[in-house]
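One chain, chain A, links the two complexes that follow: it is found with chain B in the first and with chain C in the second.
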Partner chain A sequence: MTLFFEELRERFQEQIRSVDELVPDQVTVLLNGPDATGIARHFLAEYQARLVTVFAEDRVKEEGVFYNYYVFDRRDDAAWVILKAPIPADHPSFPSLAAELPAVNWQEREIQDWFGLEAAGHPNPRRVALHDNWPDVHPLRKDFPLDTVLPPFEGERHVYRPAHGEGVFHIPVGPVHAGIIEPGHFDFAVAGEPILYLQLRMFYTHKGTEKLFENLPIHRAVFLAESISGDSAFSHGTAFCEAVERAAGIAVPARAQWMRAILLELERIENHIADVGAIANDVGFVIANAHAGRVREMVLGLNEMLTGSRVLRGMVAIGGVRRDWQRTQVEAIESTLAVVEREFRDLVVILQASNSTRHRLERTGILRPEKASKLGIVGVAGRASGVDLDIRRDHPYEAYRHLSFNVPVYQAGDVRHRMKVRIDEVAESIQIIRAAVTRLPEGPHRAPAQPIPPGRCALSAVEGWRGEIVHWVRTGEGNCLERCKVKDPSINNWPAIVEAVEGNIVADFPVINKSFNLSYSGTDR
Partner chain B sequence: MMERLTENAAQLFLLLVLSPLVTGVIRTLKARLQTRRGPGILQPYRDLQKLFSKGMVIPETASWIFTATPWVVFFSTILAGLMIPMVAAEAPLGLFGGVLAVIYLLGLGRFFLALSGMDSGSSFGGLGSSREMTISALAEPAMMLAIFTVAIGAGSTGLTEIAGAAIGQNWRFLAPSQMFAFAALSLVLIAETGRIPVDNPDTHLELTMIHEAMILEYSGPYLALLEWAASIKQLVLMTLLINCFWPFGLQPTWFGFGAVEGIGWLLGKLLLLSCAIVLLETMNAKMRLFRVPELLAVAFTLGSLALISTFLF
Partner chain C sequence: MFKILQKSFRVGTATADYPRLAPRVAEQFRGCPEFDFAAWSDARPAAEACPTGAIAIRDRDGARQVTVDYGRCIFCGECEAASTDGAVKMSRQFELAATARRDLVLTADYTLRPDGSHAGLKSATSGPAVEEPGMRIAEAIEDLLGRSLSIRQVDAGSCNGCEQEIVALNNPVHDIERFGIHFVASPRHADMLLVTGPVTRNMELALRKTWAATPEPKIVAAVGACGISGGIFGANYASLGGVDAVIPVDVYIPGCPPRPEALLHGILLALGQVRQRAGSPDSGRISSRAGKL
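And then the complex of A and B:
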């Protein structure tokens, strides 16, 4: 155990019961009581640590307590630190961190709604994951059967904070929107065109995904993981498989690792190209979107040729990937990417030559770096606002341990720079795939199937195209799971939109929203 | 008397039948430039047919304004259309005030549209109305100045006189005052017909809409009337622009073989102008809403310059 933990043990002797590292690079610190705030504060202040996610687990039947897990990411250290705080079942309450750490605002309230554990001292403890009109149930508790049928909801609807003043009014938008997008309610308080304040309401597509995981055999749960957020199917699938593989100690063959890296980057390229086009489309520069659609189609075609699915579904599997590639398929990656690279560069030239587009994107929807780091913004949105995070580099997994690449970071934080991060990352991803293709080793593409031992826990993080995706699993009897926590980057980043739109005009909201392009399904689960 | 009626009937027919075609041609050209195939130039007719055969949903909060607006807009636009010279210099309907009446008839339609946007009780309607009023308050003066420049040249605000004076002076638009006025009126045309860079007629994003936001609550036949009226308005403004400044092929009267030639010229000039609009729409992104007044200020300045230079040269 390193010096860091020696110090930690000494300093918080009273509070720490044990420290262990059952899975490499994942240190679990078991506490004596529900109060993790002291150590959390210490991490945040002394080590510039970042609180990645907070989640709970029901262990009442086995151990008589609930557990709260706080996952920390320390700068310049690849090991995750997980604080595990027991919460007695007869006094289900834990001290909230949300007042000083707004990043956990929604996640602590999720714990409140799903587990019935009170986040004591939370500045806004209202319902979030289950809407206000839900009855008083806690679906992620083990004593809540999956087939429960709830009576029709008759509770009160959510009340939005009112805005007052001369010429100030509300524009309610949603939850159902024009176009093919998912539901979410936006309540704008505006003074004429400028936006004073935006209130969000998500979780209209809450599907109880984390509960569903607990009732599926693991090989079928992979498909569930792929459907958490349709545009990140491969990233979520990979994150889930890795969590299980780490828990069970399954070694993924080298070839599969490199194949996964190639597919992760293909997913990134496909989505980034689509977003670049969509941002241009939202400011009425349709021609760029037309070209982006054309180039994206080439990537989708390549995806289908490699996996049988345009959006890379059904490829990842526990222990590797489901099907191997022949030489011709690998060659097609290189030849298609050469065309994609050239065509995408042309598209970027068109975009850069358009002054009218630039004028719309520059200084629109600014998210300041200090706000971004305070709110715990991750992924593309974070990197455009000076948050220098990339799981591929900071906590390398799979083949990324052997790859080097640049992580574009900008400070400006406007729509234009969120687009720029995407443009740069497409180029980087193409280079990564090239390197991976030349180094793709021969050998098996999947580890032989083996039973998954029960009672093992592991965390995994994958840099999806939108940002960090975290899965945490506890395995159970009979190749099933006890618990699977899913954290999509969208849940971190919604507050960024609230921050970025302030002071902008209503007519610019769609393009600001598009520049973040968050997943409703991934948020709501 | 009979001649007048025939003229009116002919121009009415032209307005009703030609306007969806112009919209269809612009959309198809745009699609082709954007590497799409597009639904074909006849799609606006099919859309109208579909909408007329559908039922309607009328908001519970709506008053008589909501039901009156489609009719007011449709007929005021038709009336304005009958007052401009399309094929022949002589406009079929020469009511009070000529070109001023055209502008105010279009203004009447817009006034009711803005009212109905608010009347529907939807938040987007009010947003669209306030934006439309901001833009039209700036577009109208620019339009007036440009028209006055032409009117001074003809010595009358009657459109028949203006068009009559233009015949035989095909190259007059090269004069500085005419060029300024042409530029001003072109900018107004873009703003008034809701085209990029001012408004985006193809968007589904309610929060960015101007014209579309006002008619968001309309459906079925009422929507058909409003869509049709928007097409007619576009045709009227385009015809006004081309016949004031490029009088090529404009006939003195509606009768004889000249009419066929006149219609041919009209179609050719409309196609040319449509191409220009399509190019502009494809090459530009939409402006930030608060920059639209700047564009219209440019139109106003150009209009003023046009008016001043008529006295200088």
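And then the complex of A and C:
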């Protein structure tokens, strides 16, 4: 154990019960009580650590307590530090960090709603994951059956905070929107054209995903992971499989690791191209979107050839991938990418030649770097606002250990730079895939099936195209899971939209929203 | 401007002429599984492997009934991998849309053996009416779409996978507007609701209101395994388990997600249904749309 943990033990010896590293690069610090705030503050201040996610687990039947888990990422250290704080069942309350760390605002309230543990001192402790008109239930408690039929809606609807002043009014939008997008409610307080304040209401697509993980055998749960956020099916599927593989100590064959990396990058390319087109479309540059749609179809066709599915479903599996590739398929990667690269470059030239597009994207929806790091923004949105973070580089997994690539980071934080990050990353991903194809080893594509031992915990993190995806699992008896926590990058990034739209005109909201392109389903689960 | 025009000329026509021509589908594409019920010696491994419960077994009084529900199927191929007797084969078939929910369910009755396997196929329903890609539909298009159709898409809790493919309907390759079909911003402008997702508890009211806001006559398409049956989410504390649990559905479009051609097939099938109903004496609530289409 490193110096870091020796210091930690010395300084907080009253609070720390044990320090374990059961899975390589994942250090669990078990505390004596529910208060993790002191150590968390110490991490944040002394080590420039980042709180990745906070989540809870019901262990009342087995150990008489709930646990809260706080996952930290320390700069320049590949090991994750996980604080594990027991919360007594007879006093279900823990001190909130949200006032000083707005990044955990929604996640602490999720814990309140789903587990009935009070986030004491939370500045806005209202419901978030279960809407106001739900009865008093806590679905992720073990004594709550998945198939509970709840009574029809009753009672109060959500009350938005009012905005006052001469000429100030509210524009309510959603959950059914004008475009083909997911449901959420936006309440704009506006003074004429400019937006004063945006309030969000999410979790319209909450469909019991984390509870369902506890009720499915693991081999079926892989498909559930693919349905957390359909645009990131392969990334979420891979994050889930890696968490189980690490927990169970399953070694993924080298060939499968490289195949996964290729498919992760194809998912990134496909979505980035679609977003570049959609951003152009939202400022009226329709032809650019048409080209983007056409180029994206080429990638989807390649996806289908490699996995049988245009959106990469049904490919990733515990221990590797479900189907191997013939030589012709691997050759198709190279030939398709050559065309995609050329066509995408042409699209970028067309985009850059349009001054009016540039004018509409520049200085629109600015998220300043200091805000971005304070709010814990990740992924594309973070990198456009100075947050130099990429799991592939900082916590390399699988084939990424052997690959080198550039991580584009900009400081401007406007819509144009969120687009620019995507454009740069398409080029990087194409290079990564080319390198991976040359180095793709022979051998098995999947480890032999083996029973998953119960009672093992592990975390995994994957850099999906949108940003950092984290899964945490505890395995159970009979090839099932006791718990699966899912953290999509979207849950980190919604506060960034609230910040970025302030002072912009309502008419620019669609393009600002699109430049973040967050997953409602990934948020709501 | 010159660059834009130059590029457009170079690219030429990007649009695939589906359904007039067969869709461009990769050899590796997984459509629905097909079942040789007579040769199927044991359905249990496939049922166990199926992630969504699309293959179900019911044993009673020495008899076994196996049902296969394409409305739950996510085309993953696990049933084929689990069945060692070669009776289950993944096909490249995806044009599965049906106007009645029961048309998506196959049933086979067997005699149950003491060891748990089965023998002696007693009866089986045939699969969904599968057509040569698009042929019949292609003939009907001219007739049906003299004018236009407006669609309002509603995400009632989907994972956004279906939305990916619905968005693709608007790209130049699939170009749904060539049929006069377009997506509109409000249910008040819509002839059809294209609904995805298992319908979450939190979206139920919004879906009901959207349906109520859509003028009569209206068509509802339930999209994807989730829209049809709840898919892998099924019905649970937060999910109602399919669109027809909340509003009446006219056409079911299987897939996870349905590829753009499958969506197009389903939408056109729904239009054919409208024509049929309009022409029949008891055509009900849809009849008045004959004038519009």
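We take it that the second predicted complex is superposed on the first by the 525 of 525 C-alpha atoms of A that agree within 3 Å, B and C clash if a C-alpha of one lies under 4 Å from a C-alpha of the other, contacts with A are read in each partner's own complex, and residues count from 1 in each chain.
As a working rule, a contact is a pair of C-beta atoms (placed from the backbone, for glycine too) under 8 Å apart; a residue touches a chain by one contact, two chains touch by 3 or more.
Worth saying up front: this structure is predicted, and the values here are computed from it rather than measured.
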Using the touch definition from the top, say if A:R401 reaches chain B (first), chain C (second), both or neither. neither
Touching A:R294 in the superposition: chain B (first), chain C (second), both, neither? both
Who does A:G179 touch here: chain B (first), chain C (second), both, or neither? both
If we overlay the two complexes on their shared chain A, which of chain B and chain C does A:R41 touch? Say first, second, both or neither. neither
Touching A:G284 in the superposition: chain B (first), chain C (second), both, neither? first
In the overlay, answer first, second, both or neither for which of chain B and chain C A:R345 touches. neither
With the two complexes superposed on chain A, say which partner A:I171 touches: chain B (first), chain C (second), both, or neither. first
Does the superposition put A:D508 against chain B (first), chain C (second), both, or neither? first
Counting only touches as set out at the top, which of chain B and chain C does A:V311 meet: first, second, both, neither? second
Using the superposition described at the top, determine whether chain B or chain C touches more residues of chain A. C
Show which residues of chain A both chain B and chain C reach, each in its own complex. 178-179, 287, 290-291, 294
Quick one: in the complex, what on chain A touches chain C? 131, 134, 137, 139, 144-150, 153, 175-176, 178-183, 203-209, 211-212, 216, 219-220, 222-224, 227-231, 233, 274, 287, 290-291, 293-294, 296-297, 300-301, 304-311, 313-314, 322-323, 329, 346, 349-350, 353, 519-521, 524
Quick check: in the complex, which residue numbers of chain B touch chain A? 30, 33-36, 123-124, 127, 130-131, 196-197, 200, 202-208, 282-291
Give every residue of chain A touching chain B within the complex, in rising order. 169-173, 178-179, 192-193, 280, 282-287, 290-291, 294, 354, 356-357, 359-360, 364, 505-510
Contact footprint of chain A on chain C as seen in their complex: 3-4, 7-8, 11, 14, 24-30, 49-52, 74-78, 81, 90, 153-168, 170-173, 183, 185-187, 197-198, 200-206, 210, 226, 231-233, 235-239, 256-257, 259
